[in-house]
Amino acid sequence: MTASAERAPVLPEGSALGWIKERLFRNVWSGAVTVVLIPVLIYVGYRAFVFIFINGQWAAVSRNLTNFIMGRYPRDQTWRLVAQMMLLALAFGAGAGTGSGTARDKAEEAGLVYVPPTLAGTLRRFWSLIAFVLVLLVMAGSTGPWLVAGAAVVLGYVGWQSWRLPRSLRMLSWLATALLLLAGFQVVSGTDGMAWLPVALAVAFAVWLVVPVERLQAVMRPVVSLVASLAAAAVVFGVYQVIAFPGIGWDQWSGMHLTLWWSAIVSALAFPVGLLLALARRSNLPALRYLATTYIELIRGVPLITLLFMGQFILGFMLPAGTNLSSISRSIAAGTLFTAAYLAEIVRGGLQSLPPGQAEAGQALGMAPTTIMRKIVLPQALRAVIPAMVGQFISLFKDSSLLFIINVTEFLSVRGIVHAQPDFRVIAHAETLVFVAVGYWAFAFAMSRESQRLERRLGIGER
Amino acid sequence: MTTATSKTHRRPPFWRDVRVLRVVGQIVALVAVALAARWFLTNLITNLNRSGIRTDFGFLTQPTQFTIPYFTTFNARSPVWQMVLVGVKNTLLVGFLGILMASVVGLVVGIARLSTNWLAARLATVFVEFFRNIPPLVVIIFFGAAVFTFGPLPILQEGIEITLPGSSNNLLLLSNDQWGIPGLVSQGNVGAYLVVLAVGLAVAVGLWVWRTRVNISTGAPDHRVLWFVGALLLFAVVGYLVLGGPFSIEWPSLSENRRRIETGFAMNWGFMALTGALGLYTASHIAEIIRGSIQAVPKGQTEASSALALRGFQRYRFVILPQALRIAVPPVINQFLNLVKNTSLGLAVAYAELAALTQTSIGNGRPAVQSIVVMMAVYLAFSLSISLILNVVNRRLQLVTR
Amino acid sequence: MSSDTVPATVYTDATRAKGEVIIELDSVDKYFGDFQALKDINMRVGLQEVVVVIGPSGSGKSTLIRCINRLEKHDRGTIIVDGIELSDDIRNIQVVRRETGMVFQQFNLFPHLTVMDNITLAPRQVRHLPKKEADDLAMELLERVKIPEQARKYPGQLSGGQQQRVAIARSLAMRPKVMLFDEVTSALDPEMIKEVLDVMVELAEGGMTMIVVTHEMGFARAVANRVVFMSDGQIVEVGTPEHFFTSPQEDRTKLFLSQIL
């Protein structure tokens, strides 16, 4: 297995036999490894084949597909989930299309060549997800799911056409994408319960980014920014109390649906907190630095499960008597506290990697500190750590399985429902577990491939 | 040349003074945080008092009121702090063995990924890409449920003995929920033996340094590994004999009804599931790190060492691995830390590590807030120790630069 | 080397007297921890004057000009830029930074913005120029530095010399009263130094007040009104270029000049 220096291919290059000699029997060690591995592989392959296609009791999975996907979600409200899938397909398509259009414009102006994504390329990128969905559809047996999947694909393609829009409509296109995402969230969650929280935070963050405070005195700037953001959040809160669109709050979300949304919501909530923590950690003011560092080191030193316990047992006591948060809300709070610390470290790495000359150039031009942060430092720092942030999201997605331990029914816990059924009490444990593992794997693998691809495209790590 | 009018030295108004704003900003932040903390704490204490739950740490001396399976020295009357110690010991046990397993497997798989043998490289890639992308909890439950509880292993009425050939001692015992392997039991003088070992270690290190110096000054082969190991073995063996055998091997044996394992080191199924699962899961991450770090060594290093007529193995030992290790060590230690934190998933296989015991204890009515605080403090202690080691190692490893 | 195409006051305020003191440094000290980087610096710079600062590395030249726009904070003494004293007053600092322009050795262009956006960012954000006016200004400046065709490119696509010229245009877009140059040709390949120096010569002839830290003696001889030699944090000798290169007084000056000429 060592990289030997000797090379003497006797057989012609490119032939099958030559390949075998080069790749499998290059030297004694290599040959020994091959000889040992091949029978093992054959045996394992045989057992796997038997397990998957012959002996496997997959009825436990195929009869419970709806359970795996939506868990305890009320079945008469399934139309909401379908509507959500349609809206999100449109939104993702539009987002990808608008992004592609923007990239195309930039490349044209700079005189570079833009290579649009091809269908074949996209299929190859997401093959694990597509394969998993196909397996689900085949197992489902009925035509309904196929129609839904087909409709989603069509809508995604329709959204993708937004790349054709002219430059002037680009902003509207982004806005439309954001609204579609919001609609996808709303059609299920309605306006009651905690639905206002993520929307209010997103709006507050957007307001903070956009509010022009440069004309004001230096002291007034952070104050006005803060007041404007809080006012925007309050407006959102008010709107949500007034408009009554009943829905199924996230307390009742379940199964794979919950796993995906839990990860997304926690990431979205944790991002602004993590950003603020990272800025505080790098601040010149010692008090802010110590506060941020203490928080980050504390959270990173404990396992997520302890924070989930804290959310379960302690959070209720820390709020005024009478506030009743559901298990899921508590877990979202715990997950946000947890993820914010890790995101803070990631963003801090990005800020540190930026040459100090960038901020200095901004200062030399007389720009205010917040302008420098918004226009120069953050765009570059955040872009540099996108792969790491995607990695954190994948990690969070996997960690959502811990909700199993606090009795929240996410994807993994559905096994509990399945094996409580009389037919499957003692059999098919391995089958359900393999199915769950493959489900997680399909998503996580696709996302990690995307992250590696992004890393290559953004040129990170290239000197 | 006329001089420009200059303002006299005057303090700027305080709302524009940089220094004032800095101080004020920090005070505001501290006050805000303090107020928030105070609000939460008052709520906490009020609500706890209202529910009649105690708010002190006295619960630690109360009896636990439950037993821990497989731990016969612990009973329902043992105080809670003993339970915490049991949890800590179990966590460290899994942590230590898991780290060992993950390091060995991770190293092998990481190097295999770079092998010229297509089969080995591909298999290693499959291993890594599989384990990295599924949650550790799924792996743990797989080992626990699909392998041990409901799995292919037969349900045993009584234990299976695998004996050493030629004697009646058992090398390996398989029972329904435990496996037994030979263990060590102390016969006394253990403390003295540890002292002897420590002295032996110091001598071995001294010999290492001396042989290194000899090699530098005279160029003779240092054989320092032989000297080091030899010295350690000498002290270990002589110390063992002189102290009259402070340790002895305890062979595993079954109980009267041949269902439980009485002597030896008994590993319960939860322990094996957790350690095996975490070992493999963490190994996949470590394999990635090792592969990345070997690939991060600049190509010019391989070329330069070839040009100097260093052979393959020498190249790896003197040039590539030292540099690769420098890059690899910090993230690998981080993975060790993750493994220790992931032991908290032992709940899923009913293994009595710290988090599982805390959950059971809370279920039995112990105050939740304090229990969780104790648990978090312990994990924090582990993490900070490992981070400290990481920092020390990092500093030693830094390449000396201008 | 003088050109007839550039009016002598295009870069400065023609209503003010040439030579009117615009930068004053009085007894300025600067410490980095225990190390004293600037020792008792006294200097006056007049409008439209070109001052070249030379000296061995570590002599404090960069620190000196970085103190003028408050990228470093001086510990003792006073620095007055166009009548505004640099102190702990945020407003003063901001005003001084608007009125001074700095060009860096490492260019420090913003890689995520096009050349055009690099130049228009500060005028739009700080002076609140409308987009159209800012774009017109940027194109005019790009023509001055002779690279108008690069407007929509990204800095990564430009050569070092072109990037530095964009950096100069970016500073000029804020219409500064004084331009500070921190060894702006030291990171360039030799064949690109000339194009940047040509731009700087044109600036000088256009009446810009400039403080230039450099090793380029040819530039000093061509356009400098005054040459300042610094060593170990102190100003050792000051004089006209002719005086400097023909008859330096101090021993340290002679030693340094013998090493670089």
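Residue numbering begins at 1 within each chain, and the chains themselves are lettered A, B and C in the order written.
Everything that follows uses one rule, which is that a contact is a pair of C-beta atoms (placed from the backbone, for glycine too) under 8 Å apart; a residue touches a chain by one contact, two chains touch by 3 or more.
What you are looking at is a predicted structure, and each value in this text was computed from that prediction instead of being measured.
Comparing chain pairs B-C and A-C by the number of C-beta pairs in contact, the larger count belongs to A-C.
Geometrically, the chain at the heart of the complex, using CA-atom means, is A. With centres set at the average Cα position, the gap from chain A to chain B is 29 Å. Chain B and chain C have centres, each the mean of its CA atoms, that are 56 Å apart.
Centre-to-centre separation between chain A and chain C, using Cα means, comes to 47 Å.
Across the assembly, chain C contributes residues 90-91 that each touch 2 or more other chains. Counting only residues that touch two or more partner chains, chain B has 16, 21. Shown for chain A are the residues that touch two or more other chains, namely 217-219.
Within the complex, the chain C residues that touch chain A are 69-71, 90-91, 94, 97-98, 100-102, 104, 106, 108-112, 114, 121-122, 125-126, 128, 152-154, 157, 170-171, 174.
Chain A meets chain C in the complex at residues 109-112, 214-215, 217-219, 355, 357-358, 360-368, 371, 375-376, 379-380, 383.
The residues of chain B lying in touch with chain C in their complex are 1-7, 9, 11-13, 16-19, 21. On the side of chain B, the complex with chain A involves touching residues 15-16, 21-22, 25-27, 29-30, 33, 40-41, 43-44, 46-48, 50-51, 111-112, 114-120, 123, 129-130, 132-138, 141-142, 145-146, 149-151, 306, 311-313, 316, 341-342, 344-345, 347-348, 355, 358-359, 362, 368-369, 372, 375-376, 379-380, 382-384, 387. Those residues of chain C that touch chain B in the shared complex are 17, 19-22, 24, 44, 46, 78, 80, 82-85, 87-93.
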